[in-house]
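Paired with chain B in one complex and with chain C in the other, chain A is shared by the two complexes that follow.
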Partner chain A sequence: MTDTLTRPPSRLGRLGRLREKRTTPFDAVTVAIALILIAIVIVPLGRVVVGMFWVDGQFTTGPIARTLAVPDLPQLILNTLIVVAGSSILAVVIGVLLAWLNERTTARMGVIGDALPLLPFLLPPVAGAVGWTMLLSPRAGLLNAWFRDFIGIFGIEMETGPFNINSWYGLVMVFAFYAVPFVYMNAAASLRSFDTSLEEASRLSGASPLRTLVKVTLPAIAPGIGAGLLLSIWFGFGMFSIPSIIGTPAGIDVLSVRIVQLLTFTYPPETDVAVGLSAFIVLFVGLAYALQVRILRKGRYATLTGKGARSNPTNLGVWKWPLRGLMLLYVAGSTLLPMFALVIVSLNGYWTPKIGWDSLSLRALQAAVIDDRITREALANSLGLGVVGGLIGIIAAALVALYVARKRTGFAQALDLGIKMPAAVSNMVIAVGILLLLAGPPFGLGGTLAILLIGYIALYLPQASIAADAAVSSVGKELPEASAVSGASPLRTFVKVYLPLMVPGLVAGWALLFIRMVGDLTASAILAGTGNPVVGFRILEVFNGGSYALLAALSTVLVLITATVLVVVMVYARRKSRFGITAKIG
Partner chain B sequence: MKIRNAALAAGLVAALAMTGCSGGGGGGGTAAPDVTVDDPALQELIDAATDEGEMTLYSIIDEGPMRAVAQAFTDKYGVDVSVQRLVSADLQQRYSAEAEAGATVADVVMLTHSPFYSDGFDKGWLTPLADADIPGFDEYPADFVRNDGGAAIVSLVPTRLVYNTDAVEDEPTSWEEYADPKYKGKLLFAAPDTSPANLTFWSLMIDEFGEDFLRDVAKNEPTWMNSAVVTTQGVAAGEGDLAHPGVLAIVNTLKKEGAPVEAALLGPTTGPEIGIALSAESPSPNAAKLFAHFLLSQEGSEVLAEETGDGSPFGLNMVDGWVSPGPVNDETKAKINELLGAN
Partner chain C sequence: MPLSTAATNAPATRANAATTPEPAVRVTALRKRFRREDGSEVLAINDVSFDVDPGEFIVLLGPSGCGKTTLLRTIAGLETPDEGTIEIAGRALYDSSRGIAAPPERRGISMIFQSYALWPHMTVFKNVAYPLASRKGVRLSKDEVAQRVRTALTQVGIPELEGQYPGQMSGGQQQRVALARALVSNDEVILFDEPLSNVDAKVREQLRLELVSMQRRLGFSALFVTHDQTEAMELATRIAVVDSGRIAQFGTPQEIYSRPATRYVARFIGAINESEGVVAQADASGLVIDTPHGRIASTDTSAGLEVGDAAVALWRPERGVLSASEPTTVNRWEMTVDATLFVGSHTEYLVRHGEMTARLWSPRFDDVAAGESAWVSVRPDDVRVLPASDPEGGPLVTGSVATRATR
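Right after this comes the complex of A and B.
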């Protein structure tokens, strides 16, 4: 089995590739789906870019000059890189550790452990940023005020602090909390499908748990970690609410905030410079992508083989409970704290460190959710869109990921790039493009749920695609080859072999899409309306209207609902995948 | 699209029914009041609008007040208004994309007067008010008609001074309070270049109090934030004592929730002027015109002013020393940023 790990892409694989030169109807459908999805983003974006460089029938380099003339450009790029790199590294360390503890050690806590690290994700970033501001603002932050009250008992007087969310560490911390789920999900999925006999072998040879982790487990799940890292880098570059609410007061300007400012400050928007700045994001994300492709190409990672033996998880001995405590502490700190702040503020009516504990009420909740017909409709729409959009998105992504993995042609690579590109372009530009393309004749989708569905899929496909890539790479070649040799059609192999084996990774990808779609703010602001309200749109409305209490109430309800859906699906998938694999292999 | 067709059909049915009995139901199930007026042109417009039965409004005005105004209109004429509240940038992006795609949804747009309007007239997205035969439009205060009669200003939103009532005992009486050393480290300001209205405001402050005023404000080390929402929330929570800019709608929301925050109306001041314009490809053109007629009448204008607390061109809630916002050039913008120490 060790040879799965060290063997270069097999000779059999090359034979297989020869066979797959033929284009089957299955491939044709895959390519068609990919091309449609790419077209939805590329066609409008292409129009914007052509419009930038082709003015009054002449080619111009004006946009490039104007972009480079942005006075604080180097500072802007440097700030962005520091925040994104710092938070991504932090996220990889935390995410992998959590995944390992929960998948491969005796500290595991089952589905609870699976779901908890994803929680920060459920809180829309704008609510998360507001929650952290409420906790750690130097003067009025709840934690700061309580800490000062506490040390006041000992006669120590402070007027502000000691913490300040509006700082480098505050910004990187909140970014990291939002990035950990990306790493966790992918690393956990890889760990779940990985051949545990390798760990067993390492342990039997006398290696410590730590050595086994570093020397065996981590290299084996490199694609999963890489996918997680790539997603968190991607996410970091695109994130707007967190740097806008937390970074700006600290004087930390980043690319994403500037891009949105350029798109919103003036009329007509300065789209050319905004797109120009996006080019830098494309560049950096492109570098990260190249890194991930290298990891996948090397092929020195774990794949599922025909032998599905599961060995015992690493025994942590006396460390089991302290490490469990650490996991719970992380979850409490990263998610429950801001949630707690939001709930308290929603009950209190407004943000203040002087909470009126005896006059808390559910008024805000009542006003934001129960009494508001549009909000209830919006919740239903968003959940429906999340379920359906997530499903379509992840299946499309899986098809394309498989195609790319099997073909490895230039065309396949181009498809892959095309499908991942939207991640590097401002959501707002894409959303406006989709509105331009689909709202009017001949499609006439303006104001419908369909345009939101298409918009969400186009926007979040890159994330699905990265998750799907990792899932495909974990399947390996043995089983599909066995299927093909036995005469199964590509479609049959996909349905009977790939899909069941990819389930853990795909469920993680679906969950990711579901959460992103339900909590989407940017595309919803452009594509949703009174005829097709969604939750993100309502959240934006109450935020802009100036009510943190309504924002808090709405976000809390959203988190409760999405968390329930997520846990149910994860429990189901865990059972299904376990039975699925043993039934197919055992 | 389907919904629109269904609504159209409903409107048609209602229209047919009305030939039999005048003052029948409008679209969307709202019972139309029996409106009769002296002006035959207006009567004709009312009849045509009731036949359409409903309209869509894109507006940047806060949701609560806007819905209340729409309701007042519906109560008077029996025409339903579906209000879509969006911030300026989203509204402009969305409206222009829809218009360009040939899928205009909004019958009426109400947003801060900006180059969006002239662009809209040039591209044929908007139809000038002056060409729409809106009864009573001739008598509208001429100072508030823009784009050669194409659009009109319906609401003046003065920038106010926001303060925490627990920390600041006496209501501030002058903008110069921002420069008072006792507020050092306790100012939460939206960065000047987060909105054109902020730039206009600071340029007005230079004209009124001189450049030294801005330098003194800078000495108080304001915390620069990204929007009036976050600065106002911060002051309400006690993170700061004074905030800028003060937007009454946000302050009122917080006051209703019990927060110790207040907005002082000081002169001279400036702020966004919210205009109204009609879509050229309006799905319900007559309802749109009737709505414009309503908001451009003293009655409708005062309902809006009462609901928002902002100024009406007819005089209600107007501040002494209102200065219409003009564009601020790059040079002045750079100077403001430098004097205030922002960026």
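Right after this comes the complex of A and C.
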């Protein structure tokens, strides 16, 4: 007893721990999770790079040589560049025009702003590509057939056409539909924060509305457009589902499709060449990024301050209604039309322009989805992976976001950067890396759901992180500080203040991840197989088998799932916003 | 300024009557460095020391970026300083030499934030009850909690709002809820971080008056950050004027206004006329400064200047007298009136004599018209004399605890 005499712990001693030096178990777990998340991206990427020079334990330039020896390599690169550049330019034109009309002119309609950014969520690209095929296939495309019927009235007979989705313009068009939201959202945000007195000053100086647009407005929102353009380029290089469904039948091969073919539809898989081709994607996306940084640095783009005073929008006069009509037509055409085609073909049971309106039934859907064992399995897998992967992704991202917001140290910022890094690298490359690293020994995860889960989380980590950041920043700094000053411990502050305020944002973030994962084709095409089928993989398989009604049915189911989740989450978010809590999707 | 005159006396008596000799807040030799993006270091808090007596209302006044909010946040425990000590009611909460840094939840103080920081997912009742449920060592029954919350809400005049959510209320009401949340735990010290800057002028004035009377009645010590000098004058028993991380002057509003310790303080509080020159004569009864515009006599010898020192003569516009005939005052100039600005309560005259310009406030508005010439005079008693350049060294404290005791 006496030999263990210790000094009584003074009250000061208890207070004496410096706050910075305190590392709680909570923080330790967070850091561990962040490091794991970063590792599942970095290590596979490293594997891709190593794979270029290191085969079977020996240094070699063989993969590079073999990649460069691909006979149609110049054609492949040229095709990819044409599709990406063409669709990105088209997307910038359409996106900026829509943003300007909707933010700055009398033709504005809130519905555009609400609907456009949701397009990729409502209609995942794979479903969109299938829908457009149903509409514009030269022989059986619904629009084509109806158009032929229509001109037949005037005695003009055509066997096929007039449009062909499996063509350069078809491919570029569908790419552009999915790239427009990127440009639109960035351009619209810039326009909203843009001080309209600059425009007014230009008009008073004697410039016409058009000159004002070109000389004042567009240069001011150039950084926003640039960001949208970069996203659209990044999206284009990594996009696999659209070119494989629309481009391949037209004989237009692009890099992403070839990579998947080399990995999964070639026996034995030509992994080294796939890796070599992936390097081109990294190169091009990196170039686009460097270019954007250069342009932004060169131009003296004034930082736009806060919210500009609302002024009268540009009056378009008689053009208002036609332009509104065009905007609505665009939204309807890019989204509703392909959805309609999917639903009609799947209800009809087979793909024909002669729709038997009175014989539409759910029978084909049932046969395609419920009676088919593999499809059933694929659906169950996808839903399960979406729910679990989304949960893991958003919770891990939320922990990291909280940590970064609370600590603000260099280390925390490095974690944040690491977790957002996959956004700078093409999805395709990460998926290839994960396949190379985890499919074979020693991990042997090939053909399992685990490898898909890891792949999905790695791929969609940036989205999770951005959604979680938004949720944390919507809580702000002062609310948790007020809780601490009120005497609440960090844990109590987390449970009582952070959590309830973050939940709506996290639910929205989860929905976003769920939709991305269920509709994913990139990782699915590379990582899934008959042993671990998912919806994306099944769609690809059915497409290659040529069963179009089944394809439409599957796509319809996919659209139904994503639309349901989206609507439920939006209703939930709207209800929560009563308390001033906001949640955003996209 | 009847409000602050009345205010100064009350806490002084309370402080004398208090049995504990401990100040409510004691800050000594506090420093905090910030690293800029370019790597250079800035002292956001530069060797700051001051005491807050129990029941005092201290206003930290300064322009934005002067470090006043950082100082408040270090006291709350929301930021950690680099050196110095912070004590509240005799309890060391921060002491760099002993490695003490209590987290905010163990400091037992309340704070009102600029944005009010009301939790949007909790009702007014839950917001106000939160500190009672959170504080360590406080276990209250449900009834007691309800009782305390209702008392606090009644004190701030919104007993009927307890079931509402903050999002449904006006800025003024939210402000009252924040105040109730700060009052409910009966802490000795309440910190205010520019809480009135987000409500409109009318409500602000109303809340200011209520805040003063509530603080005098309940007797808590307040530390209030603002950049609004009118607000500071009305609320404070003592003002600390903060300049680039230092306390430039610490004193009652009257001291700060009539006897500014530095040119910075003189310029920051109210309007001032300045004439630079060199001390020509100095003795116990006063001094005379040679300026390019003639000699200025003053009875203010507090700066301890000697003959030959660079000095500046300072006087407030309302202390100047405008007259048509030559006055007998020592300090007088015949000047041209450049412009007259009628403000209502007084008229401002902008006068000029060669290079010298000055502002004058007169309660009458028909004295002189613009363009005419008139005599301007100021009594030596109304002229403050300071060194021409503000000292770079340590803080200038007037009206410190010692000075106050003898006052």
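Basically, the second predicted complex is superposed on the first by the 297 of 586 C-alpha atoms of A that agree within 3 Å, B and C clash if a C-alpha of one lies under 4 Å from a C-alpha of the other, contacts with A are read in each partner's own complex, and residues count from 1 in each chain.
The rule is simple: a contact is a pair of C-beta atoms (placed from the backbone, for glycine too) under 8 Å apart; a residue touches a chain by one contact, two chains touch by 3 or more.
No experiment lies behind these values; they were computed from the predicted model shown.
By the document's definition of touching, of the two partners only chain B reaches A:447; chain C does not. Legend: residue contacts after superposition of the two complexes on their common chain; A:100 is shown touching neither chain B nor chain C. Looking at the shared chain after the overlay, A:486 reaches chain C, while chain B stays out of its contact range. Considering which of chain B and chain C touches more of chain A, the answer is B.
Residue contacts after overlaying the shared chain place A:500 against chain C, while chain B stays out of touching range. When both complexes are aligned on chain A by C-alpha atoms, no chain A residue touches chain B in the first and chain C in the second. Across the interface of their complex, chain B is touched by residues 72, 133-134, 137-141, 166, 244-245, 248-249, 251, 253, 257, 261, 263-269, 349-354, 364, 428, 432, 435-441, 444-448, 525-526, 529-531, 541, 543-549 of chain A.
Listing the residues of chain A that touch chain C in their complex gives 11-12, 15-20, 476, 478-479, 481-490, 492, 496-497, 500-501, 578-581. Touching chain A in their complex are the following residues of chain C: 76-78, 80, 91-93, 98-111, 113-115, 117-121, 130-131, 134-136, 138, 165-167, 181, 185, 191.
Residues 1, 3, 56, 62-64, 82-90, 92-94, 97-98, 100-103, 105, 114-116, 119, 191, 193-196, 223-226, 228-230, 232-234, 236-240, 247, 249-251, 253-254, 257-260, 343 of chain B are the ones that touch chain A when the two sit in their complex.
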